[in-house]
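So that you can tell them apart, the chains are marked A, B and C in the order they are listed, and the count of residues begins at 1 in each.
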Amino acid sequence: MNYTPHFGQITRYLPYFCGGAAVSLLLATLAFSGGMVIGLLGAMAKTSGGKVLRRFAGAYVTFFTNTPALVQVYFIYFVLPSCGIVLDSFDAVLLGLTLNSGAYLTEVQRAGFASVRRNEVEAAETLGMSRRQVVWYLVVPHIVRTLYPPLTGQFILITLGTSMGAVFGVEELTGRAFSVNAETFRSIEIFTVVGAMYVVVTILASLLLTIAGRSLFRARVSVF
Amino acid sequence: MPYLELTDIGASYGSKPVLAGVSLSLERGEIASLIGPSGSGKSTVLRVLVGLLTPSGGSIRLDGKPIDVGNTATIRDLRRRFAIVFQQYNLFQNMSVLRNVMIAPLKVKHRPREECESEARRLLAQVGLGDKLHAYPDQLSGGQQQRVALARALALRPEVLLLDEVTSALDPELVAEVLDAIRLLAAEGMTMLIVSHEMGFVREVSSQVVFMADGRTVESGPPAQLLDNPRTPRARDFVGKILRH
Amino acid sequence: MFRALQQLHEFATSYNLLLLLEGGARTLVLSAAGCVCGFVLGFALAVLRHTAAGWLLPARILGVVYVEMFRRIPFLVTLFLVFYAFQALGLDVPVFWVAVASTCVIGTAYLSEVVRAGFAAVPRAEWDAAATMNFSLLQTLRFVVVPQAWRVVVPPAFAFFLSFIKDSALASQIGVVELTFVGKIFNNRGLMPAIAFGSVLIAYFVISYPLARLGARLEGRLALSRAH
């Protein structure tokens, strides 16, 4: 009951935490990029693939979206070595997060593809545009603009998801909170500061993505 | 002393000024009509009167007493006296016709259920919907929905009825049935402020016509004068256009 | 290969299966309790943000800050924050309840947004009509808004519950013996990791998949149904 918080001790760890935030963002960016590639392939397989491809993509999405990312990484981290593949903790977490986000991003991108209206395409074709022109000037911009807001949302979720790296000893923001906690025992202060840093980092990320999306793609996104 | 008196009312939506000088007065038992071009602020005047929009200037007097528009208790009292029928009916989509009409007397005024129900049935029969008690709004035509809205407003036993273009969204053959319902009320001596584009009807029922343009009341007077001999150019222009049809 | 089969045979004892079952039950109860609590508080927060009274303005601002904050803090960090907050307050709360409280904290933030979207789905016109008929905010909600908004609210709220069945895996890190923790127990007992974590993955799938199907069906049904 008589706990008095001391933030003074924490301030000297701030640069260390900022480094951790950078690692978190790196992890998130890599996982998101990989996930986007997987998701694009998955969405194409699901919308225009053959039966086998569709089934395979479907099974992948169903499995990865119905099990926790944490256990997926546990599996990768502990099982792959017995197959002769030894990953350090950063790589294991990155692989797990990539596969996991790939499944969610498949669904997001598939919905984006599905939102293209056939009659709009047909209208453009009757105006004398070639197939390729229709795709470049109509379909792709439409998909980018509709996908942009949910994709920024996914990026933020993945950034929050990287905190799971702490469980495996990755020195990202939460991981560094654990280390400092073990040293100083100023637990409340540490996790408050680190929580606040996540808020700041994700707001900055949203802000950047919003500005980029509005100016590059005229996407209807907002920070909050 | 007029029953309701608006003096120089101003109002805005956000930063957009919509009303800039609305004045009118209404006697008890009188029927006044508000006319004017689309976007002139007629609906907004009614929204101010039922406290959906707080005016930024001017004064409202009711029975000679000034109304403090910032006071929630005063607004509640205003809403007890005034009932409004909106341009777009605004019926509760999740309730049957009967429940739409009963709900406020029952839950807000806490009148006994049997009384509420029998009055709702009577009012719905009066507007010609005695056979639609258990239908839902999305199963009714526009004219039927508008008459339900009228019955719902009457169930509140208001002192004043505010009607906002109650026929504008209706097909011509449905207009008559709604106007008939209003005529009946007029005959009973109900005080009303009506926004309408039906000039024939305006001329027939109202004792006073108020012409609005650009958020201001420009001219008012008895229908014979305002509709046939407008003094201001704006009103002459408007009346000329509308009567040529 | 032979070792794997032998271990699988050894693994399939009623004790281990019971442990999985118990872990699964705890995962479910944890997520459900947290989400129910989060929904109730989230609803209250959404109502608060819908009030207009001037004296409630500070509370409304706090509400916005709360929502924006806890949707931007990782669950793992929230778990430890709540854990240490209880400790600092000198409260000896079992870790299971720490996890429920954390879920509730996050759920309040997310679900209040879901409820607000539901409120926004009811036409402005009906809110106005209720106001002019002197309905109080609570009466408007009870008689007009909730009966229409629930079908917009239920699918995403259920989706949030589903996501928490998976996210609650992190509660294993403060020592809650839920499914993931059971996997760690298996692993520490020297079972092959493939069996230890594979069985847990399957258990999660068995819980989550039918619920996901149910959610999808629910959403389809509600999208087709009418307002009454």
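Assorted remarks:
Heads up, the rule we're going with is that a residue touches a chain if its C-beta (ideal position, glycine included) is under 8 Å from a C-beta of that chain, and two chains touch if they have at least 3 such contacts.
A quick note: this is a predicted structure, and the numbers were derived from the prediction, not measured.
Centrality annotation: C (chain centre taken as mean Cα position, compared with the mean over all protein Cα atoms).
Chain centre most remote from that of chain A: B (centre = mean of CA atoms). For the pair chain B and chain C, the distance between C-alpha centroids works out to 47 Å.
Note: centroid distance chain A to chain C, computed from Cα atoms, is 20 Å. For the pair chain A and chain B, the distance between mean C-alpha positions equals 54 Å.
Here chain A touches chain C in the complex through residues 1, 3, 62-63, 65-72, 74-75, 78-79, 82, 156, 160-164, 166-167, 174, 177, 187-188, 191-192, 194-195, 198-199, 202-203, 224, going by the rule given at the top. Chain C meets chain B in the complex at residues 53, 123, 125-126, 128-135, 139, 143-144, 147-148, 226-228. Listed in rising order, the residues of chain B touching chain C in the complex are 50-52, 72, 76, 79-80, 82-84, 86, 88-96, 103-104, 107-108, 136, 138, 152, 156.
Within the complex formed with chain A, the chain C residues making contact are 68-69, 72-78, 80-81, 84-85, 87-90, 166-170, 172-173, 179-180, 183-184, 187, 192-194, 196-198, 200-201, 204-205, 208-209, 212.
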